[in-house]
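So that we are looking at the same thing, I have put the structure below in structure tokens.
Note that the chains take the letters A, B, C and D in the order they are written out, and that residue 1 is the start of every chain.
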């Protein structure tokens, strides 16, 4: 599986009436990403509020996403479950409905040690033929995996073949690149470090940004690929404050608010998560107006 | 409700055969705590691996604990769910089966802001008449609540009336005591700071230690109450390395291993959690032999 | 040498006219400490702005302090120099003028490793017969020494015999006590942890507080010694906000402002340090009025 | 003054006999940098062990450097003194001997607040016509300055016109660039982030690396300028482990050891700093052999 470029993350819309997943709007969100020319769709990630869905909802979103994308781009599905047993169940379901790849993070209550994390990934790998992207995001998952340890898993566990890191620490990317001689593909999940991650050798950028600013992330990727450093820098700084802002606000709440601002109300996040305050909505509106008129 | 002294935490034993909750052994664990003269039983906390149970298992453990304790001491039940809806459901179940108090922590995937946390506690308080202990443990729950914010919730939300803090930061306790004029009861969840937490005014110590070292935590509490500083210091340093060690190892795995070492095998933790390595088991055995022969 | 209780820290007054050290006022500051019944005087510490003095000024302050104290209590002198050569020179001067003990911290520009720190202390020990208190304060000195490492130095280097720790981490004190079987005396330099440090076994409290609130620190020490926990806690919380406040403000600026507020203007700190803002002065005044009317 | 590219940092050699500054070897070090095509020479920085020199030595090194460079490239001199008075004295001396620019950092014992830091820079600016580079390096200087605050100083204080940041936090560079609309030149002092700092818009890279690996840093700069991303990435990863290694070892000790390894023994660092251990020397030798044979 050859993945590179912009990996777009849909949010999971809920109905204002009953709080259930709103599949029509989920289709609209996915279409928005495809129009923004993303190179893959990664559903049920942080932005997709996967942590707040029931098992049944999770399954429905996975299945719907695969059908709706319909092979136009690869579909990646995030798995971040507290028990190994539940993670395996989700991985098997994902395979069954035709997902192309799973992205697994060691979401944890107790801090897991490396033996525990290794065992977790190994058990999942043994239970599915799907390729696995190892996802490190200590801010949401509660444990941190070093580049060395992730590379060891890529080496020792059959299906683990890629790495996503969202720490925003450029040195992690240097380590992954250097220690693997540039052989293990890695993806950047820190929006406001997108430019430098590409420069450091990242294969792609995992982001919700195309939900709100269309092709601009893809244009940044293309500029770097074409070695047009001036243009890449210009495109990056153009998006910079927006990228930093949505991370600060929480991606799910920010993107859902942004859809409403741009004319497609898709509901708010699930409690305890709250929608943006009015002040934040105004700030986001100003940014989006500026960004999308420039583009 | 008047809670003080030693709040004992049972682990949740699983059967080696099928991995299900082993209620006979759960009864043995609770009995061990009661023999150690704990002043309350707090089930389904971190040590109880609540995060790794299904909803059904969780309910069964809550119900069993209430029945088995049978009013000998108050029963506290921990609630740490990602959605507000699920937390409410658990709180209502706890009330229904006769729990005396719930201990609620804002377990989170996305970092919650104060408005979100406040709304979470308020919604739970509105859904149950049970008194609520606010529990701050950023190491497991992913968000940190300041003393000021927790006191605001105690003040503004009907059923929140006590605080448990496990950060191990003595200054938090100073702030709670000082800002509430010593009026809001607070509990220490950092085992290896037990002595000083009592000195700073903590009402109690939330701990798994009596599972393995019997009355020694209670003796420490009594010594402080009797202003016998020499004895309190001696008792504390006697337990110190053990207390620090079980925190480092992960409480569930450590306590389960300790039960086996002392002749009551109750199975290991649930995956991805792993049992102690053989080396760690030996170290724990040495400590327990020394501690329990002294006592 | 038997040191315990309250170790009082004089500030170093400068003349408003020419910025030179004002020895008359230094005498007044020392007298204030002695009237507050401190058990030792420690000049040229952080509070004494030693880092901002010329070598000549430093020597004069050391000599003056010894003469003015005149054996009423032991005199400790702080040494925090960037080079080993300069530290030795200061240690030898201190011995020559009759100082009882030196308190040495590894002030650093480059982060020093343990070999470098060990060599530093060893060289100083070889150059003077004075007992040495090892002083750990990463906030000002830029390097952190673990309890294990400091105990190793106490063990392996001839004149190092005591430890002062200002990190405010109660676990450091537990480690020092436990690993040395209570044999190596340690002192607390974190003002707003004074109560618990004594409970944990600290021999003394190193503090500027008696400059401004008289015998109250000594009363706290006495209450703990007499195992009067209620009184100790009351005395501690009475002083708590003041202790925390002066640390936040910077000790030198805060104490100098406090002297002025209480009728003895002794000038401000040396630039780039600035005196307290008017707002902070008012807050300090309110605290001092309350504390000193109660006492 | 137009500064960009590679700013080379000489170490300050000491004689093995008497520990005095060895000016012949200082000349050799400067020549090595010039042969490596650095765009400026910055003496008396961290690598120059300025913190460990007497005032007299510092003056001699400043004067010697200006004379030896003899206008071939601009000369920058570092000033990191604890008092404002001493900093002014150094700045005036630097001007008097013909230095082109000073690089000022707020080296501190007490953590300085922003008013104190502002006053410090303002006083120095008022005392000299030299352009001032604001230098932020909390790891050595003990205080951290935000991009916002440094830009405020560039704006409000006459002679402050450039920024050097050594935190290795790429987001600081984003902030400086974005908030100043790319107008305020900034320099990167974190060796192992050199590639991305240039991508983010840094004007230059402040580094000791050319002391040991010749023109390779300059080649990296040129590749970025020519938008040859492939070559820039290759050059960067070629140097990466070396760059990270010398930072970990301490720049002064590492560079001095490297000179000896490559046939120019120039003595070790000043105590308490120690030379590299034999093991580290071997590792450095291996790296240098590889890097300099490739080049």
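The rule we apply is simple: a residue touches a chain if its C-beta (ideal position, glycine included) is under 8 Å from a C-beta of that chain, and two chains touch if they have at least 3 such contacts.
It should be emphasised that the depicted structure is a prediction, and the values quoted were computed from it without experimental measurement.
Student: Which number of steps is the smallest that gets you from subunit B over to subunit D via touching chains?
Tutor: Minimum step count, subunit B to subunit D: 2.
Student: Among the other chains, which touch subunit A and subunit B together?
Tutor: The shared contacts of subunit A and subunit B amount to nothing, since no chain touches both.
Student: Where the CA atoms of subunit C average out and where those of subunit D average out, how many Å apart are those spots?
Tutor: 35
Student: Whole-Å distance, subunit A centre to subunit D centre, using C-alpha means?
Tutor: 39
Student: Please report how many Å separate the Cα centroid of subunit A from that of subunit C, as a whole number.
Tutor: A distance of 52 Å separates the two centres.
Student: Which chains touch which?
Tutor: Touch list across chains, by label: A-B, A-D, B-C, C-D.
Student: In the complex formed with subunit C, which residues of subunit D make contact?
Tutor: Residue list for subunit D touching subunit C: 46, 51-52, 80, 82-85, 106-113, 115-117, 119-120, 123, 139-140, 142, 250, 252, 270-274.
Student: Going by the contact rule at the top, pick out the subunit C residues touching subunit B in the complex.
Tutor: 168, 170-171, 174, 177-178, 182, 192-193, 195-196, 199-201, 224, 227-230, 232-233, 237, 240-241, 244
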